[in-house]
Amino acid sequence: MLQPAEMDSSRHTPTPSDPLKMDTNREIRCGFPEAVFAEGKTPAQVTEAMVRLSKAHDRILATRASQTHADAVAKALPDSQWNPTARCITWRKNPPTKTDHRACILSGGTSDLPVVEEAKVTLELFGIQVDSIPDVGVAGLHRLMDHLPDIRKASVVLVCAGMEGALPSVVGGLVSAPVIAIPTSVGYGANFEGLAALLAMLNSCSPGIGVVNIDNGFGAAVLASRILQS
Amino acid sequence: MLQPAEMDSSRHTPTPSDPLKMDTNREIRCGFPEAVFAEGKTPAQVTEAMVRLSKAHDRILATRASQTHADAVAKALPDSQWNPTARCITWRKNPPTKTDHRACILSGGTSDLPVVEEAKVTLELFGIQVDSIPDVGVAGLHRLMDHLPDIRKASVVLVCAGMEGALPSVVGGLVSAPVIAIPTSVGYGANFEGLAALLAMLNSCSPGIGVVNIDNGFGAAVLASRILQS
Amino acid sequence: MLQPAEMDSSRHTPTPSDPLKMDTNREIRCGFPEAVFAEGKTPAQVTEAMVRLSKAHDRILATRASQTHADAVAKALPDSQWNPTARCITWRKNPPTKTDHRACILSGGTSDLPVVEEAKVTLELFGIQVDSIPDVGVAGLHRLMDHLPDIRKASVVLVCAGMEGALPSVVGGLVSAPVIAIPTSVGYGANFEGLAALLAMLNSCSPGIGVVNIDNGFGAAVLASRILQS
Amino acid sequence: MLQPAEMDSSRHTPTPSDPLKMDTNREIRCGFPEAVFAEGKTPAQVTEAMVRLSKAHDRILATRASQTHADAVAKALPDSQWNPTARCITWRKNPPTKTDHRACILSGGTSDLPVVEEAKVTLELFGIQVDSIPDVGVAGLHRLMDHLPDIRKASVVLVCAGMEGALPSVVGGLVSAPVIAIPTSVGYGANFEGLAALLAMLNSCSPGIGVVNIDNGFGAAVLASRILQS
Amino acid sequence: MLQPAEMDSSRHTPTPSDPLKMDTNREIRCGFPEAVFAEGKTPAQVTEAMVRLSKAHDRILATRASQTHADAVAKALPDSQWNPTARCITWRKNPPTKTDHRACILSGGTSDLPVVEEAKVTLELFGIQVDSIPDVGVAGLHRLMDHLPDIRKASVVLVCAGMEGALPSVVGGLVSAPVIAIPTSVGYGANFEGLAALLAMLNSCSPGIGVVNIDNGFGAAVLASRILQS
Amino acid sequence: MLQPAEMDSSRHTPTPSDPLKMDTNREIRCGFPEAVFAEGKTPAQVTEAMVRLSKAHDRILATRASQTHADAVAKALPDSQWNPTARCITWRKNPPTKTDHRACILSGGTSDLPVVEEAKVTLELFGIQVDSIPDVGVAGLHRLMDHLPDIRKASVVLVCAGMEGALPSVVGGLVSAPVIAIPTSVGYGANFEGLAALLAMLNSCSPGIGVVNIDNGFGAAVLASRILQS
Amino acid sequence: MLQPAEMDSSRHTPTPSDPLKMDTNREIRCGFPEAVFAEGKTPAQVTEAMVRLSKAHDRILATRASQTHADAVAKALPDSQWNPTARCITWRKNPPTKTDHRACILSGGTSDLPVVEEAKVTLELFGIQVDSIPDVGVAGLHRLMDHLPDIRKASVVLVCAGMEGALPSVVGGLVSAPVIAIPTSVGYGANFEGLAALLAMLNSCSPGIGVVNIDNGFGAAVLASRILQS
Amino acid sequence: MLQPAEMDSSRHTPTPSDPLKMDTNREIRCGFPEAVFAEGKTPAQVTEAMVRLSKAHDRILATRASQTHADAVAKALPDSQWNPTARCITWRKNPPTKTDHRACILSGGTSDLPVVEEAKVTLELFGIQVDSIPDVGVAGLHRLMDHLPDIRKASVVLVCAGMEGALPSVVGGLVSAPVIAIPTSVGYGANFEGLAALLAMLNSCSPGIGVVNIDNGFGAAVLASRILQS
């Protein structure tokens, strides 16, 4: 069963109606703090959550955050930073530290950059070094092959692709590291907002690929972090 | 408007209730005779259709034919031949002739062979020379690259793939010939009987790929024939 | 394997983190230069890509481009042109040349015109002569039959249709040229943004039809170009 | 509100637990008696239902009936007849009478015949004269055009088609009678068991087409009967 | 084959590139003139089409028309009228005439009114008398039963319903007239923009119901007109 | 059959064309008055419906109401109240009464609050006491376990969850009360606007869970009310 | 948190690799014992599970059980009984007791009987009295209305329906008891194995209906039991 | 670019038409040898592939193999072994070695065992120690909690679940190791052959979960192996 240190309730009397029950012990159980998914929350809700988390953790993150969210958080946490491409707000108590862990993020095209950046910001918050190699879609294979030595240096490889989502299959046949596939909603028509890429990645003929939700750069980064810390 | 020679009705009085209205002038209009789709038809229906077509054409074809279909046809047309992998019955009035046209059929794995063979039988009936290069799936790219010079000799390239259907995207970035993509139902789970491969091919990041129905080797071959004869 | 001339890397040292890895040798491998898909890219990104491509090619194209994209590109490439119906930006180093190749674009209704125009602009950039015959949907068959002689002059026929997507099936039974079917998202309700037309075209009872993604006039034109140059 | 004669309950005390609550007054309300859908019912259940209906009606019908169903019914109702293609059991108290009503059933190919026959058997039970014109798919338009005068004699036109389901759109643009479209599950791959044809018919560019369920020849015939009797 | 009077081409030399090939003989073939689907067309395109149609017909219609469309048309055809709920523009050369035909339009709730009105405007343009009985959804059956005598006076019954789309099934069991079911996109969540109602109507346990596309009041009215004129 | 008191028609002569046929006897039949679904209705329509209902009932409700709706209703019913999170307008003739019934509403995250509030407002209108325990998603199980004693006090438990919709399965294994599962559209990508959560809840391995439509807090509350009053 | 009596682990040392971890305390937590879902399990697995459950409970149940399953269980538990229509095996330590609770099960047609029976067997095992009123589909409303007084006696109403799934909407507008809707896979074509009925029930215009999985008579009965015991 | 040792072609002259192009250097590139997917292949094809692989590798695997496949392979490779639950054939040149790597496989119910076993056989072939903890579905949470200490010993956790697929979300909130989620096709109705579980896992509110294809125990094991060897 859960040990007291793993539960917030060991520290305070929980209030049933509290609309924000921050899981401040998630880092103890899972190795990373709870993050705030800002989309669909008010700036006040995001700020309140970030402030509570900042009291329990050294580094915190909000994803899918707009500038309005960022401005509100910045008033309460002046050291917070907003990356507009990644749509992420980060805050650190201390200067960033770097571990020896190395991840590589590949992507098919420039339109995948917001997802790439979300993953990158998350990984760097965990102290992981990131090589981002964008625009290496399979229509011009040599672009990928040129960077194979760089890619093989990484302990985990994240691959973002929209449209037909073929890149993880090709990469999975070239490297021995775990491959995390991130389908993106880039494309139109019968891509059905990322469904085509998602199905392709789930059916990859290269085995050993773990797939996350469409456009879920954050989730891919957390999986990479779990892998690198295991 | 249609010229008399393009319509069967120029040759005989049409009967409304005739359950088989063979389109014996399709070859004049479209360049290839009507073929019989045997699945769901009785052996007697397939035989009747083949016999009628044999009176108007030099070479005829039935697809998706079982051995039972083939046996029934063979009684009426002793020179007919059945290819069990392709599930096709063919019959020729004269010995096959070969044109200079050259098509190449690539496929991802051995499970795609029935579709490959259906395309090959159809192409060869049209007198087209076929190079079949199976088992060159993207999980081992060098298998494809080894045969690039052979592939580039073809005036049209047919690419069969199941699972994630990535092969046409890779091929489309390597050759200048028209690429015809044939999704196959090979795979399981979230391949949804070929839907994953179909969507991938429709969303290919390599432009200039024409997609046919799932497992439709025949249709791909007819498109190749239209291209080579145009 | 790829020859050095087929790879950009033969010309320069590739930079992993460069967000635009223009595939400037695609024309050597595939017969046509890389195009820029503008949707979802910033005007600056589109401009940078077009400028780089203009240094390697005689004629370049950006699709799904808004006026904002076009204005930004025009500052860097004053000779570029924007076709608002096609939503395409084109730029040529030299005056257009015309080949003897002839393509025909049919469409079901006036609402299909943006897709028709995207295909037409692309084809004309390749020097292909285009006859566009719009508004010949199957509800009034004589409109199609009137123009059958014109249609049959083309070496390749592109057919755009939304709603039930029946036009390619009818055309496929009347001509011997290769037919490229382009489902459009025109319609409402159970057309599911072009899915109904897409499925209809994939299941055409007229064999030898290659289907591209919904609204993908560009891809259809590239396939036509591959066919005409093969 | 319902008049007593319109309700079975006016004739007998209803039993809640009776597993067969035959709606023997449907003919009074709707103009046609209840029919038995045999698929998934035991021969005993079908027989019991048919016997009860035979006591209240002059002519009755069971659809989707196997030979086993038919044999069981024949023991109880020796004059019943089974049409194996239509998979229908019919029984009449009196010899068939013919009304002046005339319906025409068109179909795309021979594989649609079971659906055509189900519609035909049902229509003829209602005394409606039926012209069946099979195998007039749109890949050979002249086959349809040859019979246009016959088709235009009908007061209602039923159109069966599988694959891309284009036939109703073409017919709808040629006749003024009401068109009832019946998608069939004929085809394979991306026809998704009749879904492609169903969507095509719902999105027809020819207005004034009523669509029934996939393979539902019976329902189409009842709609035709409603129309002819209105 | 088509008679000359049935084809526009009998009257003028057709121009391939004319983007509006008005099918001005449709009324001869089908009993009703071509209508203009305004959505996705420019005001100028709609106006041009209406003007051309007005020269060949006594009464014309544009559907899915915005006020902007209507204003543009009114400049060219001052007698045209716009019904904002129906989103329809109508124009008549002569005062409306009324036939003896009588149709009834039922609907589940007030949110279905735009679809009801589109059907009503279309029917009235054909001279058909319309009884509209809105807000009789099955959650309060007595509302429907109250009006059963009125409903039964109609020769054809149109039934609009969103959400679960149950109304046509109930009505189909109460009347002998043909029932035309119009699924609407009213609802939310798992109604999937009208798909739930569409599927329900296609699977109705009351036989003899013809279904049209989601929100397609126009198509339903044309089917009713075909029925009433047959 | 229905008793006169159960039908509005017992009280007044129904008008076929009345666009608002308020079912003012639903409370007699079903235990709760008809509610107004405001989305897609004009402020005038909502107001008219509320005014009519207020004459027949002590307490009335409009759901999915915007501030514009609320302002219009407030002019006619000055005592009406609008809850902006719940998007509900309520009006009571008399001060609220409280029954002994107790319901508990659990939710996975703060983004589910609009749905939670819609359920809560509805339940409180019925006089049911509500404990709302938000933000107890399964990623931090102890948050749920902390409140198990509170949850078990309720006679019925409503569980709102988006994303993977796992919360009802966990709760269903911990309590003996009936569980009503409300999938929310919270999430992105392959949640397909609540479909993922909906399917999860329908397939729960904990038996005895009733599922309502996506985001349907109102329907869940009415089901709870039916249960508590049964 | 869970009390010891609520967990099996309080009674024995749990073995990680034990493939059957019977949740013998579920009755304490949830009010009903764990049931065995036999489909896909071997007869030996089902027997082992039933034997273990029989040691902890007075009455046990296996659903989706074939005769082979039943025969194997009967060897170990001679008093077990198999209901072939319901496909359920039951076993009781003591003679059945009846509570005062009363449930009513309505169904649209005879093909729904297996689902009806699964629900009935489950309810009766819980001591609940069941009135089953089959074959009251909405195509003949009077069949339902005849039994309204019986239906209103029940404290909870279960409604099974396939095809368009309209019955729960109609029933929900006639009774005040909680309504549990069970979509069945009865039908064909566009019913998509019960999807049409499922969607209809989720979108019911009668509020307060809880939906369970397709064909899930067992789950509906457990929900009824939770309601009646709450 | 690929080094010669990474390509088979470095060892032999490749034959284009060879239907089995075993990728015998995959182990060098990816860390594990190619496996044979037996489903849809003939026993002769599987045997030929296994024999070729056995010449290049120390340990080989065929998945989805029937007894017929196994018998054929055993004739050629007498030391091969068949696990009927896992449907896997394995062959080793040398006795198995064990690494220190430790994986844990959790599963929701006994019906998931074939998928669990496929993963286990694969992992053990790689020398990884496996703890399998079946039947810990979320309906009885204590079953999972009992084994939390065991689960936390593993460096990677594989979680199999069908139905609603909630188990990975719960596990992901309790452990810090990477979680690999395997949706299974266990369930019925709206599980849509594993789609419900797949969507749930992709949308997990616990971040850092990698999802594989439905029933893909093999792919999950390869991903675990990549992780443990990285």
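Per-chain residue numbering starts at 1, and chain names A, B, C, D, E, F, G and H are given in the order in which the chains are listed.
Definition applied: a residue touches a chain if its C-beta (ideal position, glycine included) is under 8 Å from a C-beta of that chain, and two chains touch if they have at least 3 such contacts.
Please read these numbers as outputs of a predicted model, since none were measured by experiment.
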Query: Chains in contact with subunit A and with subunit G: which ones?
result: F, H
Steps needed, at fewest, to go from subunit A to subunit H via touching chains: 1
- prompt: Quick one: which chains contact subunit B and subunit G both?
  reply: D, H
- prompt: Which chain is most remote from subunit H in terms of Cα centres?
  reply: E
- prompt: Among the chain pairs B-H, F-H or D-E, which one reproduces the interface of A-H, with more than half of its contact pairs identical by residue number?
  reply: D-E
- request: Could you grab the centroid distance between subunit B and subunit C? Build each centroid from C-alpha atoms only and quote it in angstrom.
  value: 26
- request: Express in whole angstrom the distance between the two chain centres, defined as the mean CA positions of subunit D and subunit G.
  value: 36
Chain centre separation in whole Å, for subunit D relative to subunit C (CA means): 45
Statement: Here the gap between subunit D and subunit H, centre to centre from mean Cα coordinates and rounded to Å, is 50
Query: When you check subunit G against every other chain, which residues touch at least two of them?
result: 2, 23, 26, 109, 139-141, 146, 172-174, 189-191, 195, 198, 202-203, 206, 213-214
- request: Mind listing each pair of touching chains for me?
  value: A-B, A-C, A-F, A-H, B-C, B-D, B-H, C-D, C-E, D-E, D-G, E-F, E-G, F-G, F-H, G-H
Contact set on subunit E toward subunit C in their complex: 2, 6-9, 14, 16-21, 23, 25-26, 34, 37, 39-41, 45, 49, 64, 183, 185, 193-195, 198, 213-216
- prompt: If you look only at subunit C, which of its residues touch subunit D in the complex?
  reply: 108-109, 137-141, 163-166, 169-170, 172-174, 187, 189-192, 195-197, 199-206
Query: Mind pulling up the subunit E residues that touch subunit D in the complex?
result: 1-2, 23, 26, 29-32, 35, 145-146, 148, 155-156, 172-180, 198, 202-203, 206-214, 218-219, 222-223, 225-227, 229-230
- line: The subunit B residues in contact with subunit H across the complex are 109-111, 113, 131-136, 139-143, 146-147, 150, 186, 188-191
